[in-house]
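Common to both upcoming complexes is subunit A, partnered first by subunit B, then by subunit C.
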Partner chain A sequence: MSTFEFPPSIRSRPVYCVLEARPGKAHLMIADAEGAEALIDLALRAPELMAKAHVIYIPKATDFGAALNALNPAQYYEGPSYSAAVSRIKRVFSDASMGLQIYLSGTEGLMGQALSEAMQAGYDHTAIQTEHRGSLARRMQCVHCKGITEDVSNDPFQCSHCGLNLFVRDHYSRRLAAFQGVCIDAEEPGNVPPSKELYS
Partner chain B sequence: MTGTAPNSTAPKTVGAAKLAVRVSAITTLNALVTRFEFQRIDGADFPTFSGGAHTVVEMMDGEKKRLNPYSLMSDPAELSTYAISVRRDDQGRGGSLFMHQKIKVGDEMALSYPVNLFVLDLRARKHLFVAGGIGITPFLAQIKQLEAIGGNWELHYSCRSPDLGSYVDELTEYYPHATSVYYDDKKQLIDLDNLLDGQPFGTHLYVCGPKGMIDWVRKTATATGWPQAHVHHEEFFAPQPGRPFAVRLKKSELTVEVGAQESLLEAIERLGVDAPYLCRGGACGQCETDVLDSDGTFLHRDHWLEDDEKESGEKIMPCVSRFEGKILVLNR
Partner chain C sequence: MTLQFNTETFRDDYSFHNSQRAIDRFPFPFHEDSYMYAVNMERHQGGPADSVYEKRFDVDEHYVAEMADRAKVLGDDPLRCQSLPHMTLAGWDLLELIMVSKSEEYPDLFELHRKGREWYWINKPLGIEDHFTFMDDTTLPYGPMEYITRQTQGDFCVLDQREDNLWMDAGMVTTQADWSLDFDIGMNFFEWHAPVPLAHEKGIFKRALKFLLNIQQGAPARRLNWTMTVNPLLDTSPENYHKWGIQKTTLTSENIGAKQHLRVELQTFFRLPRSNALVFPIRCYLMSFQDIVSKPKWGRRLNRVVRDLPEELASYKGFIDNRPLMLDYLSQFDDGLPTSFGVWPDEDITPTLQR
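== the complex of A and B ==
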């Protein structure tokens, strides 16, 4: 099962829903990895969306591509990574009209970054639906060197840029689409608790 | 609008500070609408405001104090003067008639600090304005604000007839490409489906006008996939007359009879009880009052309370809502 019930947290932490069909002139669906399952579920409940749907999918190490394609979206794109897909996503937003519905599913990193692109295009984040599926790994920003480390699944972890030992916080930046990582051994360098898998 | 905190530079104690002003100009625009301009008696600049803000105008009509909200329509960058445009409402409770018939240049009046319940969302890629009749006024200030920062906007303005098209001439002269005007008497209707279709992603829609127009625009937008966060409306309800009723004010230990022509809020104020308000039109939420006891029917007329709150009988918005029945006790 690719769903996970996140424990209650601080207000800063994003919360996710189950995607629901909404009236719209067009439907943009962006997913990575197991996020495909949320789109497949949505298409089962509301098959009529697909004739006006543009699906952008980043499979990572999964193989839902064929199943997604079989939903017959009006447009289908599969890319090797978010950075490979982002120019396409930006173009969709710059060409789009109001009435576009946005559905995001998969990892927090993917949803957060796509949502941030929509916000930069002037769209209100509350109008975007997000459903978490799959990996609990996070996109983290080191608050010290500002470097981003993708797919962090352990806490604490080592910043991939400056090497500090970082504590994984629930404090989230919607603009950066990243959680904040704060040095855990600043007071006593070297005193780092053993790293545990997130939510384990 | 519901749920957002009112945006005001006013001191928190309601009714504490008013702006003492003198009427500096009166301009008749057409058979129904007159513009009033004010300057501060102390000669100072007015507080800054943003397009969409309103002020509550205090009118001393003999013994009666009238308080009516009007949108500020002057340039937000021009703080020596505040201007409002008042549409004469012959069926109304008399505030607009008082302005039209009694107010003269040089008269002294009081204005509230400006409050904005209809703010521009400046993250928008484009601002699309739909106005009906006197609903044009907040947009006049918003347009000036946007022009100063090079904002992208477009106005669709529906009026009864060319004779009653307030500000049509200046809008079409200064902004011919951004302004479209529609006249009812020429059977010109805003082609809303077409208008809403194809607006750039990131557009915000604003509507101000008669209730029917607001409902129509909001409904059409929702049906075509516009999210609520991108659709803004300004709708003040004038208090409606009704049957007189008695209210007990628990904290003040007073009882008052609300007259047929006055609102519950006005009756409370008449006793000298300090009751909070900002919009006096059922929109801002400021006047929300707890009901301690009741036996009768609430006539809720605001669009602030949620439906379940209205049904609960535990809350009332005294600026517009009334009551019919035997007992009403408020925590005021």
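== the complex of A and C ==
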């Protein structure tokens, strides 16, 4: 199982739990990559959810689609990327009625973006369940140019927009669904320490 | 007008300077020879005559130049001023609070004439005269918060109060000690303070929040905070850190007295009447080390505070690398004599430097 125990961090950093079945009129499940495993585990524990479930899945480079589909959700969608899926996700939130349960699983970037959409649609973020699975890569905002770099797994890294060398902070914005990247060599241009894999 | 406004800059040639009056009334933040975080709140109901605490919104010799600097920052980056949609009412509350306060406390500089909802605002130092309809956004050139904070020194955080928490849902932030409104907007009190070391463990934020949630209309509070800035740069934003960070490495033993500045924030907290929001102005005062040590008590004390500050704090406040250079300079002004309790310079009872 691709789970990871995050070390304690600062108060703005999201914390994740293990998805649990909650009573609801409908269940929206959004996952990417290994996040599928969290949904499969959830369905094993509470198979009755699936008849009222809408699953939105972005496989990335994984192969869990068939297993997810085999859970027989009421609706199943597989998309090539989050940005391809986002208009559908917005529509689902805007159509939803009281009693919708939201389950998010997979990478921090996927969960963060879906949570941000849900908040914009009026959902309280504390009522949304999130379970991290798979990659530890982060969605980073460059505080200087404001550009977002997806799937950052090394610290420091180069901003994919302005090219500055940024270090990876734990400070996190739910609204932006991103961690903050700050120039690492501002006080000594060119002195960039070797990049290390996050949590290595 | 009695107040003379400086022609000065907070960037490029850094012609910013403090007059003797500004030095005398500088809000020196250390009441004893050491420093640790505390919920150091007190009532903001006036203070000694001519001190920065006397008026609700202090207007000083830097006013016109600071407003020009703010306009420049906003021109370069409009995201320094943001207001989430539900915060417009709080913006009007803030506009009213500032206009009423300034016109009452500085009648020679500001005038507010009100006939029902039709208001007429005169800001003489900035040469602004506007007629507008109170609570009608279409009658001002900017939103109400932006309009009035383009005319008021200090950063402004407008905090929504709900769920027993405060939410950073609007702000005008151009003179900040290295935090980003654009990143932090929408966060709650614990989240936007998340990067601050030690204070969470000490329960500082829990107690501070409890205090702030209970601030009542007409009973504002205040506290001081401080950090260090090389050059009198107001815009020490994370957005521009890749541009100004390098300036921290330009200190030498020759230029440190003029270049190194103690940066003090006078933070005040006012309850707003219609929105029940809390406005949190953060007013920045800068003073060079050489001006600080002109007060013997302040020179002795600053040396001791900087010397004994825990590493985490020196690091968080961004001067750990320059601390040895600072102490080389400051220790010349510390002869080891005792200092009197409290923040005031106490020149009548303080001995001159004994060396």
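One rule holds in what follows: the second predicted complex is superposed on the first by the 200 of 200 C-alpha atoms of A that agree within 3 Å, B and C clash if a C-alpha of one lies under 4 Å from a C-alpha of the other, contacts with A are read in each partner's own complex, and residues count from 1 in each chain.
One rule holds for everything that comes next: a contact is a pair of C-beta atoms (placed from the backbone, for glycine too) under 8 Å apart; a residue touches a chain by one contact, two chains touch by 3 or more.
Note that this is a predicted model, so its numbers are computed, not measured.
Contacts of A:K25 after superposition: subunit B is touched, whereas subunit C is not reached.
When the shared chain is aligned, subunit B comes close enough to touch A:M98, but subunit C does not. Of the two partner chains placed by the overlay, neither subunit B nor subunit C lies in contact with A:D63.
Contacts of A:E5 after superposition on the shared chain: neither subunit B nor subunit C is touched.
Of the two partner chains, subunit B is the only one touched by A:G122; subunit C is not.
In the superposition on the C-alpha atoms of chain A, no part of subunit A is touched by subunit B in one complex and by subunit C in the other.
Residue ranges on subunit A touching subunit C, taken from their complex, read 10-13, 141, 143-144, 146, 164, 169-171, 173-176, 180, 182-183, 186-189.
Considering their complex, residues 79, 180, 182-187, 190-195, 200, 238-246, 248-249, 321 of subunit C touch subunit A. Subunit A makes touch with subunit B in their complex at residues 22-25, 93-101, 119, 121-124, 126-127. The touching residues of subunit B, counted against subunit A in their complex, run 121, 123-126, 196-203, 205, 222-230.
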